[in-house]
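Structure in structure tokens, see below.
Each chain carries a letter (A, B, C and D) given by its place in the written order, and its residues are counted from 1.
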Amino acid sequence: MIEGADEKHVREVCERFGERIKRVERIAQNQWLLLVDKNDVREVVSYVINRKDWGETQLSTMVGTDERPIRGRFSIIYWLSLNGGEGDVFIGVKAYLREEDLSYPSVTPEHPGASWYEREVHDLLGIEPEDHPDLRRLVLPDDWPYGVYPLRKDFDYTDSPRREFTEEDKYPYRKPPEGTVVHPLGPYHVALDEPGHFRLFVRGEEIVDVDYRLFYQHRGIEKIAERRLTYDQVNFIAERICGICGSSHAVAYAQAIETAGGIEVPERAAYIRTVMLEIERLHSHILNLGLACHDAGFDTAFMHAFRIREPVMWLAERLTGNRKTYGMVLVGGARRDFLDYRKGLIEKTLKRLKEEFREWVDSTLSTGTFVKRCEGVGVLSYRDAKRWSSVGPWARASGRNIDVRRDHPYAAYRDLDFKVPVYREGDVLARCMVRAEEVFESIWIIEQALDQMPGGDILADYREIPARKEALGYVEAPRGEDVHYVMTGDENTLYRWRVRASTYNNFPSLPDALRGNTIADAPLIIASMDPCYSCTERLQVVDVNTGRVTVVKEEELVRGCCRWE
Amino acid sequence: MALWEIIVPVSLVLTIAPILDGMGRKVKAKVQMRQGPPILQTWYDLTSLLSMEPILPTDGLSFRLAPYVALASAVAAATVLPYGGLSPLRFSGDFFVFLYVVAMVSIAYIVAGFSLPNTYTNAGANREMMMVLSIEPVLGVAIGILAINSHSLCLSYMPLHLHASPSIFLAIGLLAYAVYVEGGFVPFDAAEAETEILEGTLCEYSGRLLGVFKWALMVKRFVLLWLLGSFIVLPLTKGFPGWAVFLLQLTAVLAIYFAVVTVEAHNARLRIDQAIRMNTKVFLASLVVLLIASLGW
Amino acid sequence: MRSVWVFHLDTGACNGCEIELFDALTPYYDAERFGVKLVGSPRHAHAVLATGPLTRQSYHAAKEVIKAMPPKPRIIIAIGTCACSGGIFYNGYPIHRRPEDGRKGSEYPRRGGIDELVRDLRDEGEPVGPVMYIPGCPPRPEEILYGIALLLGLVEKRVRPEEHEAAGLEVGRPPIDERLRLTLRERLRHVIGHFDADRVLEDFMGLVSRAKDEEELHRLVEDYRSRKDERLGACMELIETEYLRWKRGGGERS
Amino acid sequence: MGVTLRYPFVSIEAPPEYRGVPHIDPELCIGCGACVNACPPDALMRIDDLKNGTREIVLDIGRCIRCARCEEVCPTGAVKMTGRFEVASLDRRDHVEVVRLRLVRCEACGEYTDYTERQVVKALQILPEEEYDAEEIKAYSRICRRCRRKLSALGAIEASRRFAP
């Protein structure tokens, strides 16, 4: 047995590949790093992903790093996780790439869920996945020059090179399939709160296929954090990765650093974090349910959803000082304590919320026109959900039984009891149901956490965070698994930080859910994924055509659809 | 016929339609537990739009004329309806004129929508077309039954000469449905859906032209509601003085409108195919009613 | 103006401002009271509500949106710190900045956000109306309402530039030893967080200045503990202990 | 049964826990720049003018993300989060707050040092009196780093002469 393979699943992988696993390193209690040759990456990754008896295996994140200043090479790590009660295991498959030869066999042909990750390292680091079916630009702006890789260490974070940008060499969208017309959606569309450009290829009102260009919100966060900010400051930019599930990102980041630096978080802080994460889930789920109603033209339900959500925002403001960006997380613990009167506020708010939300769900689900719009619409099959490594309510509505809180307990979740709702239908209605049920579960979790909250400090005292330590931090955000990878650096700054938001894993499966539906349902389906483009940091999509027989000329189309671009 | 007999009702309709819309917004706000905008808000919006120079995305004449055609048609529809004792234009067969000019508003909307190479306006025009094609027959049949019953083709004469029969009540029901759908109220507002197709045809209009178009649509709604209100009120108020009848008509229209808005507030928007399917069913039902009516029941 | 139709323009925001913006339209805040209506097309809009630090990818689209608006009044409402000045992301590589603004300068007011686009448009000769800046991260719905009300002339402006010459050499002296105060403050930050720590410490210093001797101080502390939250009480006890230890250690200066 | 609040037609206050816009108390600020180092979005800046001997601590609340890190690290309590939130304006200059402090002038070379007069006063409050002689420190603090280095070098030479004449 290879030294370090002290866990059943890891041992099995090592036995299966023998000598080809060059080294095993346990970098944290539940995280193993397997070093392989770059040509073996694809095989090892697909072996783990495809082990049917290992439950909901998942590509959790993939990181490319410019390790030239330390080791003279680039590195890639595919992080796989086992979920669904199989054990608390994260397996990283790592390979080094020499600068002269940055190509390696792509994993995408085996597991489509790897597509975006590989496009991203291609964009940002210049790593070349061979046989990748679609290596179009994903992350960087259209007017970014080719051959400039911002995440390489020799790139200054404030540089912002441009290239001449002409109409012709805009983003290479796919040609619409025979007999279809392009219906553009976004980047500025009322039903998409955030910019993203979709091209729906439509026949009549039916969506035949979809192309997209996203990442309008790519803000270079990882680079800013590696160069401009200190460990504690990064908490605040992490929180601003997403304005809806920001706290999840801040916690995921802090947990990654704490794991890497061996910092023990006081128990009370873990409970405080848990309560804040659940409060965030409450407001996020109610928000999303409200927006789904809005997109279905049901404004009254939208208004009422926001009305009953508002006290949650007020509660957050009184607990943390801000309605949305809680600023509660520092490396090592929490920033504000729950005094007795604050606990009282939580209890009071939850009591009211529980009643009002139940009423809201009942009345909304008894509205025939609304249910008609949601039932059987935007179906994502279990196969597709798994194929794309989807996460969160989007995956759970399609039958994937995964939830980081249960499968890889962090903060205080180990001590708490809760159910994970799973539906098989995979339609918009199922997603609404998952969210509605999770609201009640969250309330229950908070009640328990308040009851069991231990005493003690809320912020750990630590001296220094050692350099060159790697670790993952993960959180079940309202939209699903958020995974942060960190490699610590010198002088109180990060060497590498890779943020993987939940929408990043969900988005690529969206075309599968859109196909076969009508343009009228597109905004609703997109909303039901609860996309957070800003989380994902970079995004754009395409849409459908009109039912006219005359085929609109390509140029006209471009003019028509580019009007808002 | 004096000129004032036309000017007064027309200016009344032009003034009241936006106020009615403002009231609707207020009612909706109340259902949603909000304070809502002032009742005159729609008027403020209109004046603001009418004072703004429009942007013309195309040189096409149809794009520029469509709003005015729509407004003129809607106003024309208003002139054949009875207001208390007054009917600005009444002649036998004005019922066909009414159907025609109401359809003209939609046609202007459709033409405007197709005058641009923009998929949103096209989708809006397309949906409006499907909607009109599926609902105009119902409207026609409903009024047709009323015409058969009253042996008249004049809209101001018909309501006064109806005799009670089961088919009449069914016909009024059909008329109410047709008015609801034709008025573009939720759940039948797919053609102007903001979140789906950015208000369809209107998405490329701006400033004055947008104002005129919106006004036309409001007038159309008002005219349809007035038609329905008249068929309910006039048969019950034979022999009342003209002003009283007018006030009762107005009250009826307000009552119907509030009911409509409340229904609107409690529904999601139907997809166009769902709406069409529903309209088709209603149309088939209307044929049955027509059969009953022609049998004299 | 009694009617403000707004188009929402997200130039790379984190969504925080978006949801607060939505909130401002919902029952508790109801911006429709002032005639604010969210519209789906820039052609209909009197104003754009801009959020986000203006990423390069969204720059071109954002420019098209503003050009698609009627030339008058074309008001820009910058919502949130990012739109006002680029926020925490201001000098990241995918953020649009005018070349002359640089990326590492220490100019003030801080540059960035939608302003970069507005100035570009003005340079191109496009008419652009006034820009209302509503900072906040994200701004509360009340702040957004306030900003819009300010634009409509319904409320007074409440901020002005502040410049102070801090010439005096008096820096104030707390009633307890400064070194002890700083040590306790750091310790309490770990116990209940800086926000409550500052308050307890202040309360304690209040008690010290009120108390004539240690006995009275102890009484006051006991009284405080009986009135206040358990956690605050525990902190107060910790402070008192440390204070007395320091004092008995002969640390007090004359 | 509407729930709409009357704001902005009535004035309201944010809850006491609210982190509003920060404010620098010019009476308490010593210009140490701890807040500048902690500020994630660089809304706080320290700008030294070594020619005129002034230091500006600049706060731009239009760049501030209201994380309250400045308040957390400020040693004198000069930076405080206020409950204010009504800070919208048509002019960005309204958002800027500047505190100007005097830098210490080196008594040896006449150049300005990179710390303020007030920093020295504060440091003297913190240093335990029994271990240091206040007067000596005070005198020492009025000499810039470079001169101090020079002095200690001279001192070392002087001392070495004693042993190796």
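The rule is short, and it goes like this: a residue touches a chain if its C-beta (ideal position, glycine included) is under 8 Å from a C-beta of that chain, and two chains touch if they have at least 3 such contacts.
As the structure is a prediction and not an experimental result, all values here were calculated from the model.
Novice: Could you tell me which pair, B-D or A-B, is linked by more C-beta pairs in contact?
Specialist: Taking the two pairs in turn, the one with more contacts turns out to be A-B.
Novice: Take the average of all CA coordinates in chain A, do the same for chain B, and state the distance between these two points in whole angstrom.
Specialist: Their C-alpha centroids are separated by 47 Å.
Novice: Using the average of all C-alpha atoms in each chain as its centre, how far is it in Å between chain B and chain D?
Specialist: The mean C-alpha positions of chain B and chain D differ by 68 Å.
Novice: Which integer distance in Å separates the CA centroid of chain A from that of chain C?
Specialist: Roughly 27 Å, centre to centre.
Novice: Taking each chain's centre as the mean of its CA atoms, how far is chain C from chain D in angstrom?
Specialist: 19
Novice: Return the residues of chain D touching two or more other chains; collapse runs of consecutive numbers into ranges.
Specialist: If we look for residues of chain D contacting two or more partner chains, we find 2-4, 14, 17, 40, 65-68, 72.
Novice: At least two partner chains per residue is the criterion; list those residues in chain A.
Specialist: 189-190, 236-237, 240, 303-304, 307, 317, 321-322, 325, 335, 563
Novice: I need the residues of chain B touching at least two other chains; which ones are they?
Specialist: Each of 29, 32-36, 194-195, 198 in chain B touches at least two other chains.
Novice: Testing understanding: with touching defined as stated, what is the shape of the graph linking the protein chains, line, ring, star, complete or other?
Specialist: complete
Novice: Name, in rising order, each residue of chain A that touches chain D in their complex.
Specialist: 229, 232-233, 236-237, 240, 307, 314, 317-322, 325, 327, 335
Novice: Name, in rising order, each residue of chain D that touches chain C in their complex.
Specialist: That would be residues 2-5, 7-9, 12, 14, 17, 21, 24, 26-31, 40-43, 45, 47, 58, 60-68, 71-72, 75-77, 84-90, 92-102, 117-118, 121-122, 125-126, 128-129 of chain D.
Novice: In the complex formed with chain A, which residues of chain C make contact?
Specialist: So the residues of chain C in touch with chain A come to 7-20, 22-23, 26-28, 38-40, 42, 52-53, 55-58, 60-61, 64-65, 68, 87-89, 91-97, 103-104, 137-138, 140, 189-196, 229-232.
Novice: Which of the residues in chain A come into contact with chain B in the complex?
Specialist: Going by the criterion above, the answer is residues 181-184, 189-191, 205, 293-301, 303-304, 307, 367, 369-370, 372-373, 518-523, 543-548, 552, 556-557, 559-561, 563.
Novice: Quick one: which bits of chain A touch chain C in the complex? Just the residue numbers, please.
Specialist: 140-144, 150, 155, 157-160, 162, 165, 187-190, 193-195, 215-221, 223-224, 228, 236-237, 240-244, 246, 287, 291, 302-304, 306-307, 310, 313, 317, 321-325, 333-337, 339-341, 457-461, 532-535, 538, 562-565
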